[in-house]
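See below for the structure under consideration.
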Amino acid sequence: MEIAALLREDVPYMDLTSSVLDFDPADSEIQFRPKEPLTVCCSEEASAVFDLLGAETTIHAASGSHVDPESPVLSARGTPEQLHKGWKAAQNLLEHFSAIATRTTSMVEHAVGARKNIEVCGTRKHLPGTKQLSLKALCAGGGFPHRLGLSDSILIFSNHYDLLGGLKTLCGMLPQIRKRCPEKKVTVEVESVGDALMVAEAGTDIIQLDKLPPSSVHEVSTTLKSKNLGTIIAAAGGINADNAADYAEAGADVLVSSWMYSGRPSDYRVTIRKT
Amino acid sequence: MEIAALLREDVPYMDLTSSVLDFDPADSEIQFRPKEPLTVCCSEEASAVFDLLGAETTIHAASGSHVDPESPVLSARGTPEQLHKGWKAAQNLLEHFSAIATRTTSMVEHAVGARKNIEVCGTRKHLPGTKQLSLKALCAGGGFPHRLGLSDSILIFSNHYDLLGGLKTLCGMLPQIRKRCPEKKVTVEVESVGDALMVAEAGTDIIQLDKLPPSSVHEVSTTLKSKNLGTIIAAAGGINADNAADYAEAGADVLVSSWMYSGRPSDYRVTIRKT
Amino acid sequence: MEIAALLREDVPYMDLTSSVLDFDPADSEIQFRPKEPLTVCCSEEASAVFDLLGAETTIHAASGSHVDPESPVLSARGTPEQLHKGWKAAQNLLEHFSAIATRTTSMVEHAVGARKNIEVCGTRKHLPGTKQLSLKALCAGGGFPHRLGLSDSILIFSNHYDLLGGLKTLCGMLPQIRKRCPEKKVTVEVESVGDALMVAEAGTDIIQLDKLPPSSVHEVSTTLKSKNLGTIIAAAGGINADNAADYAEAGADVLVSSWMYSGRPSDYRVTIRKT
Amino acid sequence: MEIAALLREDVPYMDLTSSVLDFDPADSEIQFRPKEPLTVCCSEEASAVFDLLGAETTIHAASGSHVDPESPVLSARGTPEQLHKGWKAAQNLLEHFSAIATRTTSMVEHAVGARKNIEVCGTRKHLPGTKQLSLKALCAGGGFPHRLGLSDSILIFSNHYDLLGGLKTLCGMLPQIRKRCPEKKVTVEVESVGDALMVAEAGTDIIQLDKLPPSSVHEVSTTLKSKNLGTIIAAAGGINADNAADYAEAGADVLVSSWMYSGRPSDYRVTIRKT
Amino acid sequence: MEIAALLREDVPYMDLTSSVLDFDPADSEIQFRPKEPLTVCCSEEASAVFDLLGAETTIHAASGSHVDPESPVLSARGTPEQLHKGWKAAQNLLEHFSAIATRTTSMVEHAVGARKNIEVCGTRKHLPGTKQLSLKALCAGGGFPHRLGLSDSILIFSNHYDLLGGLKTLCGMLPQIRKRCPEKKVTVEVESVGDALMVAEAGTDIIQLDKLPPSSVHEVSTTLKSKNLGTIIAAAGGINADNAADYAEAGADVLVSSWMYSGRPSDYRVTIRKT
Amino acid sequence: MEIAALLREDVPYMDLTSSVLDFDPADSEIQFRPKEPLTVCCSEEASAVFDLLGAETTIHAASGSHVDPESPVLSARGTPEQLHKGWKAAQNLLEHFSAIATRTTSMVEHAVGARKNIEVCGTRKHLPGTKQLSLKALCAGGGFPHRLGLSDSILIFSNHYDLLGGLKTLCGMLPQIRKRCPEKKVTVEVESVGDALMVAEAGTDIIQLDKLPPSSVHEVSTTLKSKNLGTIIAAAGGINADNAADYAEAGADVLVSSWMYSGRPSDYRVTIRKT
């Protein structure tokens, strides 16, 4: 249905170009193959595009697969008009979400290469209107969502505790806050090493370090260990594939990033041939 | 309604964090100000987010405005819970679509600086699920949509004419095709100078040059002029703010690009304060 | 989904009549056959109605087929309750949209009989809520949409140029307007021969002659030819199957009409029989 | 929301024509006035179109009003772009549904003129996708819906009783059927005087006479009276404004018709002027 | 689609628990069996949940079946992740709507046991958002909807006639009201025996007795009979399985109740096993 | 929009009863007052019903308010037709969701009376189609959602670990599972005291005790304390207002229940009067 809406956005009525060309209606085949190595995402949704048009599809690589250049990901057979109608809608799905998956994979590989038990989490800052597929791509690349939205988790920003009277006031409230939601972990975001330690000692479950360099993350991590505090360390703000390993080595348990959501789409070769 | 769906995606039920903090319900104010110069987009939609939550909003800069760093774009007054509920949904709209508008502005300025009568057109290759707002951002930045989809225009790719028997066959069909749709211009995409000239002579309204360097565009342009052919030249494939001026100088009438749709979101400062 | 909504509108809950009758659940067959010669439209959608109800359907004539009275268009097999539930929803689709297709066919035949290269275009004035199927019927009958809406084309009415200061002002702006949208043809609607010639000389791509008699169309057409102007002539306002040939002979390139959208529905015979 | 969808169908993205014209943004006014006497319908929905665009609207005549030619029905003030965006969507609503209302009014006047206590009921055979507004127009014109769909009423056609073994079998079942739905009236459609009398004697609440001439309706009516049977007589099939009085005089209690749903739209004059 | 929305509500993105467990992807089977005797409802919808997830389903008992404890109602085969994703959404459908169906069955059995020709009708007072499935459950249990909403029937409450000037005024209007809607029965709700008789004599089709004890219903029933009035008697207000027989014996033709909509869900045993 | 859909479900087209009564259109007032003490829920949504109809509304008691019998909760002024159209849709919202809120309040009061720091959490087992409003009612009554669905939390049932090879296997996997989701607490449901202790020692964050009596909860609680394990104890299965205090005294940190979702709706008095 979502896919039907995407297709209808691109082909609200007839395909004008196919209407004025005189295609032989005999079956043709469309093939999608990446021009670069990538983590596939949305071959299922791209396949659904052609299903809706009445073509027969074959998924050669499911979402989450790592594929080489020129290896087939999706193909479909149908009339030239059916294939042309679905072409760009399918290609758009594959290219944009494979790119998110591939960037996530790259970040996960760098992070896990440096520290085995680390998780890469994507924020809520994906493009508005793409939540479902952006999170699918994130998972396809080996990441997890950081939080789905405001209803499922407790994450306290400075915009929260400033209204309450500052971080110290919040620290005094933390024991009571934790009892209100015994099934959830409480996260507090801070912007300095000192604040991080204060919040950790006040009993938060997770400290989220915003825009601190790896060296500061390391300082927090070693101090917590020396004090025998099991607080989870999440690093956020400017984390990407290039610096993921540094943050991992510094002791972060979780990397929180929006970096994978933006960037150049992946590049797929699309051919339509008579069969 | 679209905006209601975006908000509900981020806050499907309660705001758990606000629920466990003990906010004074007196009015606060949230402010959105860019950290960098940009072309604003979606201040109307971001405002609608807070309207839905019952806050009072003020739009300081409409979509399409060019604003300096730290100048106010949007503010809203309401309870801390109302403002926190809308914060990220509004910020996400502003940051992603202002970025598209700003990249478009940059491309338009480079192109028009080099050649007065040139248009920058955005393709259909925006992120699936963002069509309406991506096109709004494109227009806010001074661009136009290239084509809305398959139903409104005639654009013939090699995937089309290869099925028909090749470009030459297509050229033979062009007069008839043009008569089928007297209200539309017919565009043919080609990948070489020779093909471009052949199609222009066959009478297409527009030739779309895919991934040709500016020098080739120049060759096509001067040849057409020398032959007194008024064919419109559209350049496509890899066009961006950096090379827009080169293509403009080379004689392109239209720059067709997907480049503005992808890239880092804009950066807004968001503050929430008691009033 | 659209079809599911149509069905649900007619059968929101149970079929009360079938509930109180004691039907033998053994399979029956429903058949739809026209009582008059017509161009079929919506046999696919009518078939989808029965699919949704779990019946097995056969489409005997696709949209766009020209069929004789009493020839089968659609049949479905299922329980009496399934067939009664879908009966009127399917019949309603077939009768209303076959009528639009048939009227379009008639108009196209008259026009093309008089002048080979002429197109019949349907306006946006179909019944609100029927756009997708009305345009499908228009195409099934051999027509094309005139414009899909305001976002895909440039059509300047007197309500536009009166606000700008009159037709003369517009004529002065035309060269600049044409450069703003090099990929589109610009159409100006006028209501007299004199205005038509003025606009043609100012360089519009298409002149739309509103409510002029064929004799005036002829005058415009011959004058344009004598001046070697290639402006496309669209005739609009009161064009129908009866006068289409006259306008075609007069030299119109395009007939723009809303006539096919309104009128008596086609008449189908519907039988339900035990098998 | 429905109205938002209609507007979006006509203006999915920008208004291209307004974009390339250089309108003075100062307020203008749009006015809708009928060119013929009519029963207004959908001035509220047409008004909502302009509300959505941010214009200020005034409804001069509510749905159901009978208005003279040139009397104002709706006006709106806003920028030229706002008014042009809403123009045709609003006009389309007014013209199509005022026509249905006006035809209904005409039929009601003829029927009631001939027999005071008679009702004009519209069938389910309106254009698919227009149910809500078609029924609104029907009521605005003084009619009532015959049945909303299959879930709210019991209407037994020959396609029902033929499957059961014929009309006689049905007559035997009628007492039991009536007890199954004590809150509903049971209607049986028949196509001859003899069948009508048989069903009336078997105890149906309503007989629906399909495609019988007024003389046959009269025969049924007088026979029922002579037998002291209070069965309601509904006449259906080909009933319209021209013959409504004949059927009323013949003794029909209800006229069941689809005639008002189809036909030429009403004609409104639309002006846009600077203020 | 409705079912897709329900599933998406429960599993908006990934199944986090399945993601962190290391399931063997080989097929497993899920089985749903009631722990108590019940009337099944929504096995079709529960099956659709698993269809959407790509599992293969078997419906062992259709809606409306009366089944014994531990007899299979639904089973599905698929990967552990597919089955866990659909488990609760399917169980929730089965448990809530089988409970409504079962309570309806119980009420119907008591009522019909006491008086053969009596109908059990469910009101519009089901939980908001569950109309379609609540009415399906009502029908599955042998009941009928009382009225679908305000558009399909005429039911006059004291809140209506108090505004008109009281019950007496209404009685004077009744003949005219009945003529306005000859195809509908007119129901008037009253709260005393005296009012009931007054309204019956004024010619209403149905009297709805609100919160009267069976003895009063009996009084009304016998008085109507003695006066040879065929007015239908509907009893409403506090009717449930326990007192349904009393009201039936007292002479009610229809029992109008909301009782079946509320109460403990049915209890199904759900097992997931390797196959 | 959701509310618009609920209203349209009840009044898809006209209000037939109001259509045939001859109401004075002068303003009347509708009032909603509970007949019993309760926690209000959905006065905002009920108010929105009348807003949609054009009436003026006043909310006297917001969701979450505890009100006495006969105190005003909501009133609206408008024409009799407007008020009758919204009456039942509004009443239905108030009665069903105030009942859920009131049952939750009762459960919270009993639980917190016995143990200060305890939370009452509602499961996902609300009626399908009512998630948003059921959770709103839960929160209005002082509860929290247990989990929103499968995407936001980790809860391992026996149906999970049986597939993995049993509880022991799961215990061996727990350390690794906890590292996969460092931001989430891991919950394991068990059905015996012994299993509870085994899982607690294996390091789960929360043990959910299914259908154990308070005495067993007490045994688990004291044993955990004696072993200095901070595992959170959630009690689930058959918890309601009557036994909430027992479970709280026994040492449960969280009560997980579906009990509040089902039961008799609250009772509101609704009056409509001339003003």
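Labels A, B, C, D, E and F are assigned to the chains in the order they are written; within every chain, residues are numbered from 1.
Convention: a residue touches a chain if its C-beta (ideal position, glycine included) is under 8 Å from a C-beta of that chain, and two chains touch if they have at least 3 such contacts.
All figures in this text were calculated on a predicted structure; none of them were measured in a lab.
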Type of subunit A:subunit C copy interface by residue overlap (half), same or different: different
Farthest-lying chain, centroid of Cα atoms versus that of subunit C: F
Centre-of-Cα separation between subunit F and subunit E, whole angstrom: 23
Euclidean distance of C-alpha centroids - subunit C vs subunit F, Å: 52
Subunit B, residues touching no fewer than two other chains: 1, 12-14, 16, 19, 144-145, 148, 151-153, 180-181, 184
Touch-based graph of the chains, sorted into line, ring, star, complete or other: other
Set of all touching chain pairs, with the criterion as stated earlier: A-B, A-C, A-E, A-F, B-C, B-D, B-F, C-D, C-E, D-E, D-F, E-F
Of all residues in subunit A, those that touch subunit E in their complex: 1, 132, 135-136, 139, 144-145, 148
In the complex with subunit E, residue positions of subunit F that touch it: 6, 9-24, 28, 80, 84-85, 87-89, 92-93, 95-97, 124-131, 133, 149-156, 159-160, 162-164, 173, 177, 180-181, 184, 258, 262-265, 270-274
Residues of subunit B defined as touching subunit F within the complex: 1, 4, 12-14, 16, 19
In the complex, subunit E residues that touch subunit D: 117, 119, 121, 144-148, 151-153, 179-185, 187, 206, 232, 234, 253-254
